Amino acid sequence: MTAALLVATALMGLAGTAAGAIAPVRFRIALSSALTIAACALGFVVGAEVLHSGHAAVVHTTTLMPLASFSLALDRFGALFVVITAVVGICAMIFRFGYDGQGLASRTASSILPLFVTSLLLVPAASNVTTFLFLWELMAITSLLLVLTDHARRSEVQVAGQWYAVMTQLGAAALILGLVLLATRSGSQSFAVIAVRSAHLPAWVRSTAFVLAVVGFGSKAGAVPLHVWLPRAHPEAPGPVSALMSAAMVNLGVYGIVRVGMGLLSGGPAWWWLLVMGLGALSAMFGSLHSATSKDLKRLLAYSTTDNVGLMLLGVGASGLFADTGHRALALLALVAALLHVVFHAVFKGSLFLSASSVHQAAGSTDLDQLGGLLRRMPVSGPIFLVGGLAIAALPPFCGFVSEWLLLQSMLHGLPSGDVAIAVAMPIGVGVLALTGGLTAFTFTKAIGIGLLGLPRTQDAERAGEVGRPMWIGAGLLAVLCLVFGVAPFLVIPSVVDAAGAVPGLHLAGALTRGWNVALPGVPGMLAPGLVAIGLVGFGGLVALGRHLVQQRPVRLTEAWGCGRELQTARMEYTATSFGEPLTRVFEDVLSPARDVDVSHLAESRYYTEAAVIHTTIDDAFERRVYRPADRMLVRWGAVARRVPNGSVHRYLAFGLVALIVVLVVLA
Amino acid sequence: MSGSSYFSVLTLAAGTVLVCAVAILWLASIRAVISMVAVQGASLGLVAVVLGVHLHDAGLLAAAAVVVVVKAVVIPVLLGRASGSDSGSRESRPLVNVPASLVASAALIVLAFVTGRGVAHFVGTRAGALVPIGIATMLIGFFVLVARRRPTFQIVGLLMVDNGIALTAFLCTAGFPFLIELGVSFDVLLGVVVLMVLSQRLRLEFGDVDLDELQELHD
Amino acid sequence: MLLMTILVLPLLGGTAVALGRGRTWSAWAAVASNGGALALGIIAAVRVLREGPLSGARGTLRADALSVFMVIVIGAISLLASWLGVRTPARAPEDGHRNPERSAVYGVLVQAFVGFMILAVLAANVGVLWVAVEATTIVTAFLVGFRRTRGSLEASWKYIVICSVGIALAFLGTVFVYLAALHAGGHSAHALDWTSLMAHARHFDPSLMRLAFGLLVLGYGTKVGLAPMHTWLPDAHSQAPAPVSALMSGVLLTVAFYAILRFKAVTDVALGPGFARTLLVIVGLLSLALAASLLIAQRDYKRMLAYSSIEHMGLIALGAAAGIRLAIAAVLLHILGHGLAKSVLFLTSGEILTAEGTSRIDGVRSLVARRPALGGLFGVGLVALLGLPPFSLFTSELVMVRAEFEVGLGWAAVLAMVAMVVVFIAVVGHARHMLLGPAGPPRPAGSSGVTAPPPRWVAAPLIGGLVVCGFIGVFAWPLSGLLTAAARVVAT
Amino acid sequence: MSTGWSITSMSAISLLQVVLVIVGGPLLLGFMRKVRCRMEGRVGPPVHQPLLDLRKMAGRERTRPEHASWVFPLAPVVLVATTLVVAAVAPLLATDPAFGWSADLFAVVFLLLLGSVSLALGALDTGTAFGGMGASRAMTIGALAEPALLVAILALSVPAHSSNLPTIIIRSLAHPAWLATPERVLALVAFVIVIVAESGRLPVDNPSTHLELTMIHEAMMLEYAGPDLALVKLAESMRLVVLFTLLADLFVPWGIATSPGPWHLAVALASTAGKLVVLGAALAVFEVTVAKLRLFRVPELLAGAFVLATLAVLSTLVVP
């Protein structure tokens, strides 16, 4: 039954592709989106059913994949990811009905988008190496093509596409090597068989495979230092695509690390997981710092994706570390926290990216310094972004709060275990979590405050209006989920526990929810997000009522006072750059910002300044220190190599003569 | 033919092939080189004839006839005609000058004798002992290809490689089945013809060229 | 009879061209004859799978699964190339208008080229194989120089000199194999038949076989485009008319590799698998390293495609080095996939060259926006060539890596992967400049003539080629039986 | 949870705590101002002056900058509400107020952060340069204070195996020896620094300044008037009380009511008042003696707090 539905999901997605390719222009978007939504809905049903029943959906055929076989087996763990993708996919596709920007309406994009969604849906179901890599690479190439959709209008898109292509191929190469090594050493391509036999493999094989998998999946997840493509590609992709990439695709990187590290290899030594935690910590700090200092809305969101992936990896690493030291319940707790963060991240990042695209469409820019005052002009999309921003900043009563709390709890409870690695790793983990938490609050205060509040900074922003209904419905659904999951996390936590329980060797004695509340088994006290929400609304209502009662005169609209400025204009407003300036200064050594000051003088005297413009640009340190030098080395090598074949037939023949002499000398 | 006279004739013929090769390396005038090619082809034919007579192999005799016709007559004539207009021209500035070329050819001959010993030993016949001569001719031909600039010299170098290999083949295996031998000779002939046509075309379109001026195509 | 027909059909097409003096209908007749060869190849494949090897022309021709597979590859790609070639002669720059005589020469040569390639793979005898491969050199030399520009003459000269030397070395190798076969008791008339070679290979002298195989790899490797004798390849491929480049890159290289594959089987029986493996790994890695290095700073898109061929030949050599059945099946799939993708790319690049008037990478900009059909085809072709799904090169590369790991060549696979990543980086960089960007104002009128999109009948076979390439990458059924059967012929 | 608490008594405690915080906050501020004035040799306004100020402000007209959205008027409400939620559920007077089981230290931190964010958003909504400046600085300091705070909490939670506030307090009452452990002392210092920073006191921020370029908190409330301003000011003082009380209860828990009954509560009320007076006086004295730090020295202070808190965590592991 579920197997048939899984096949139907794939076929529906392919039908969407076909529709995008051949349907007449008038129906193209509607038809391909509708079919994609149907595919997502089917995927949702399969995933939910598998999560509920625990029976894997298995499809196996040798008709596909020459010289190998095509095989899907969706277990509970994978099903969670399918469900996430399905939800994000549905919302993104609804959004797309109203979205007309960035060339997403073209025939190419319309046919590739359903294929991308389908591959996203199927990757977690793949159950042999060839199938997995096929779907994985299909996902990579389709997403690459979608990133490039708008190449004709903006050159940044090309650059972004190139970075993405290269980084994803680096990752894919590592992944291919790692998985193939594992498969050949275990004598089977099937994940199930590998999982059984991998325990008997030599340690170096296991470790090599794991490290390669971490590199491969890490690059897809956008973990530092493999993240460089992400802050370029995610912003340049059309809205629904960037939402899918940030909210669904990066998840699969986390999926892969867990699948390989805990599933296929059934866990490993502490250093594996310290590596994962290290990557996570680095990603979280680096990502949150850059997102705090970015001034482009979508770039900010992209860096924040790196940040959140870092948190997920912290959880995953902690889980592996606990499992290695025999703390299975804690391991499950940490994994649940990580997976819950995956779910919630999908929800809030999806709504943020979609509503950021709404902003883009309405105000013509995503540069925060070109926006402002949009909350009043976009009465629905504005609040959607606001909700997403509060959720990602882990503020109650929204969902990010719950997963961060669980993550903190898992680290807190791991501390007394007496293991040195844990004792060192956990406080650092908490510190990182806390720092990124604070920075995220900073970031989204900036994003909301500069982008949506205050005065519009440009005429385009001034004229912005609410976007079409499908767009805010798509983004709004996710925003509603932010609130629902934040108030009633018991709706998702049991499913996430089930999903995490599918990873071998982890189990939890007792449930993680008690009524509406989140509680750890055997630990007093719990988190009552519902209660917090009620308290906030109740007290807030009372306060507002009280304010109304003591002062019933209507609110007077005034010119802002601003310590006595006569006229408030947008030019006086704080910009995103200035908002981030204190932080940039604090972390100057890490960010090493470049400042350019352009001063133009009055014609009459150069002692009087006409205008001064300060540009602050912050490069990615890894890009500058690692990737660009590597690229330069490659180019230099290419230039050297180019000189060897100089076009002379004599030289070419001399190569042959030398080769012949070598053959004669060595072989005769 | 008695055993010893058979062998001395064979040695003489094979030796002539090699000597022609060295001579080609020495000479600069294209006309002289073409006549050396003819001599070399004839010697090669002689090797085949001697072997054919010795082994009573009619196929080998027929092959010998083909070789003589193609390599000693047709190709030199064609070469001569093709380079008629510049038959007086010389390889004036070889990439490797004549003394160095001769030293190199000595080294190549030594190399051939060292590396060919195994094959010669394996063949086991007295003719087989001459296999290194064939390999040496081939190597020198290859060297001509590398070291000489004129188009005609490259054609000649190619022919020498071919003659060396053919000599080796005769000495090792008493030749291939006749049909294949025919095909091989025909291919060689065609190849040379194509090269000559090309060199003519080059001359027509771009005037008198040295091959190392052809460096327009590179990365 | 069937084999004879397959062999003769393209030549009939050539005759038609000659009789029709290169008129359009005769060019289409040649296309049809190549299509017929493909169809008959498929029929032969079905029969071979059902009845075992076929033979024809009194034992001169012999077709086992490997041969018919190669016939199918040749048929498919010659169909594509001759289809697009229908209007090639008219495009020779110095003519301007259709020159019937030259059209006829062109058509006849192409058909002869195809015929010799079919002869090479159907030949029962090693000597005939050699003659056929050498003949392709001669025939294509004219085709490479067909445009009569300085560049094309230069390329053609290099091509014929280097390949003739190389193929001569292969002949020396063949002589040594013959010598070994005679000493092992083969009868001189049939000692060079594949069947006889395989049967007696166990008794071949090992040291002689080592030398012979070394020379064969060096010699046939020249035609394959394996380092260090690959040097003719970029020049010839970039100068030949597009359909000829497509044929050369798509099949000629792999027909030569077919010879290496056959001799490898013989060598493996005589020496065990280690020797041939070592040799092929060396040349394979060398070719990969070279292609990767020279692609980085490449400035000409046709040369870029040519170096990519060298890269793929290196991959194939590595796959063949692994040698197990899985690996050989993957190698064969790769041969077909690469042939399709590369010929489509060369044909498309020919169209681009005609439209843009330059083959320099920096002379072509914003192709997707300005010429969606050409840009799209080129882009999708590159995606296929870079080994991304759903195209079959992905599957075959993956399987080759698997096989390499299985026989302990994992280290080579790792190095190959590094080279492939470099190639990817380089090609993506070049492709980005060519394909992406704004349409901008139309170019000044002087730069090139044609601006109209290619007609449907030109685009259709190109799209078809890519679709087939994708199809065989996803679906197993039409090919996997043939692939395994063919792999069984040369793999232990 | 210990038994013997009835729903009514728990609710009563919560209510009492809320009232204490609402009334105590302004009084604490007034007291501190008095102490400062005395030390500076001035008489100063009466202790209940802040309450009078609030009443006066409540009677004024509400204004709103014309460009502002609904975020501007909502911000003070959220700010106060978050503080009230904390006041209601946190064990300030007794270990078991209503819903005390939900009083998680991490949750408290995130709730207070919500309040800070909403105030910052309200400030940004005005569109003035000062609003942006204040919000930027406050959020920078908040972002840097958070790691120190959370790690300090971790240090306190580890021995108790829980981050639940009542549990921590009850367990430390049961093990008085914990209180003098090095990690407590270290965590205490970190806590104090963070509280000073978060509540905008010297040396991080000067609550009485209106010197344009040094303002942080004051800059954010520039545009508020009337009852809105009253709410913001009230919330500020309430947060100070809540934080002080929590600090006192976590580090010196004696006096907190562990069982129901008016007597216990009376003792708790008195002891809490005493602790607040001591803390308030100490802070006031401290404020008189130090000068405000440059803004860009503040991170150093907070980094120091973070290091102390980390040391605290590590020492929980070293000292069993």
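Going by the order they are written in, the chains are A, B, C and D; count residues from 1 in each one.
Definition applied: a residue touches a chain if its C-beta (ideal position, glycine included) is under 8 Å from a C-beta of that chain, and two chains touch if they have at least 3 such contacts.
Computed from a predicted structure; not experimentally measured.
Enquirer: Find me the chain with the mean Cα position closest to the mean of all the protein Cα atoms on display.
Expert: A
Enquirer: Where the centre means the average of the CA atoms, what chain is farthest from chain A?
Expert: Greatest centre separation from chain A goes to chain B.
Enquirer: Would you mind telling me which chain pair, A-B or A-C, is linked by more contacting C-beta pairs?
Expert: If we tally the contacting C-beta pairs, A-C comes out ahead.
Enquirer: In whole angstrom, what separates the CA-based centres of chain A and chain B?
Expert: Measuring from centre to centre gives 69 Å for this pair.
Enquirer: Chain C to chain D: how many Å between their CA centres?
Expert: 77
Enquirer: Between chain A and chain C, what's the gap in Å when you average each chain's C-alpha atoms?
Expert: The separation of the two C-alpha centroids amounts to 43 Å.
Enquirer: How far is the middle of chain B from the middle of chain C, if each middle is the mean of its Cα atoms, in Å?
Expert: Chain centroid spacing, chain B to chain C, equals 31 Å.
Enquirer: Residues of chain C that contact two or more other chains, please.
Expert: Chain C, residues with two or more chain partners: 157-158, 161, 165, 169, 207, 211, 234-235, 294, 297.
Enquirer: Which parts of chain B, given as residue numbers and ranges, touch two or more other chains?
Expert: 118-119, 142, 145, 154, 211, 214, 216-217, 219
Enquirer: For chain D, what residues touch not just one other chain but two or more?
Expert: Not one residue in chain D touches at least two other chains.
Enquirer: So, with touch as defined above, which chain pairs make the list?
Expert: Taking the chains two at a time, the touching pairs are A-B, A-C, A-D, B-C.
Enquirer: For chain A, which residues count as touching chain C in their complex?
Expert: By the definition above, chain A touches chain C via 62-68, 108, 129-130, 133-135, 137-138, 140-141, 148, 151-153, 155, 157-158, 161-162, 165-166, 169-170, 173, 176-177, 180-181, 183-185, 189, 634-635, 637-639, 641-642, 645, 647, 649, 652-653, 655-656, 658-660, 663-664, 666-668.
Enquirer: In their shared complex, at which residues does chain B touch chain A?
Expert: Chain B residues touching chain A: 95, 111-112, 115-116, 118-119, 135, 139, 142-143, 145-147, 149, 154, 211-212, 214-219.
Enquirer: In their complex, what parts of chain A are in touch with chain B?
Expert: Answer in residue numbers: 642, 645-650, 653-654, 656-657, 660-661, 664-665, 668.
Enquirer: Using the touch definition up top, name the residues of chain C that touch chain B in the complex.
Expert: Contact set of chain C toward chain B: 125, 127-128, 130-131, 134-135, 137-138, 141-142, 145, 148, 150-151, 153-158, 160-161, 164-165, 168-169, 171-172, 175-176, 178-179, 182-183, 188-189, 192, 205, 207-208, 211, 234-235, 238-239, 294, 297-300, 303.
Enquirer: Chain A touches which residues of chain D in the complex?
Expert: Residues 1, 58-71, 73, 76-78, 80-82, 84-85, 88-89, 99, 101-104, 106-107, 110-111, 113-114, 116-117, 120-121, 123-133, 135-137, 139-140, 142-151, 154, 157-158, 161-167, 212, 222-223, 226-228, 231, 295-296, 299, 306, 310, 313-314, 316-317 of chain D touch chain A in their complex.
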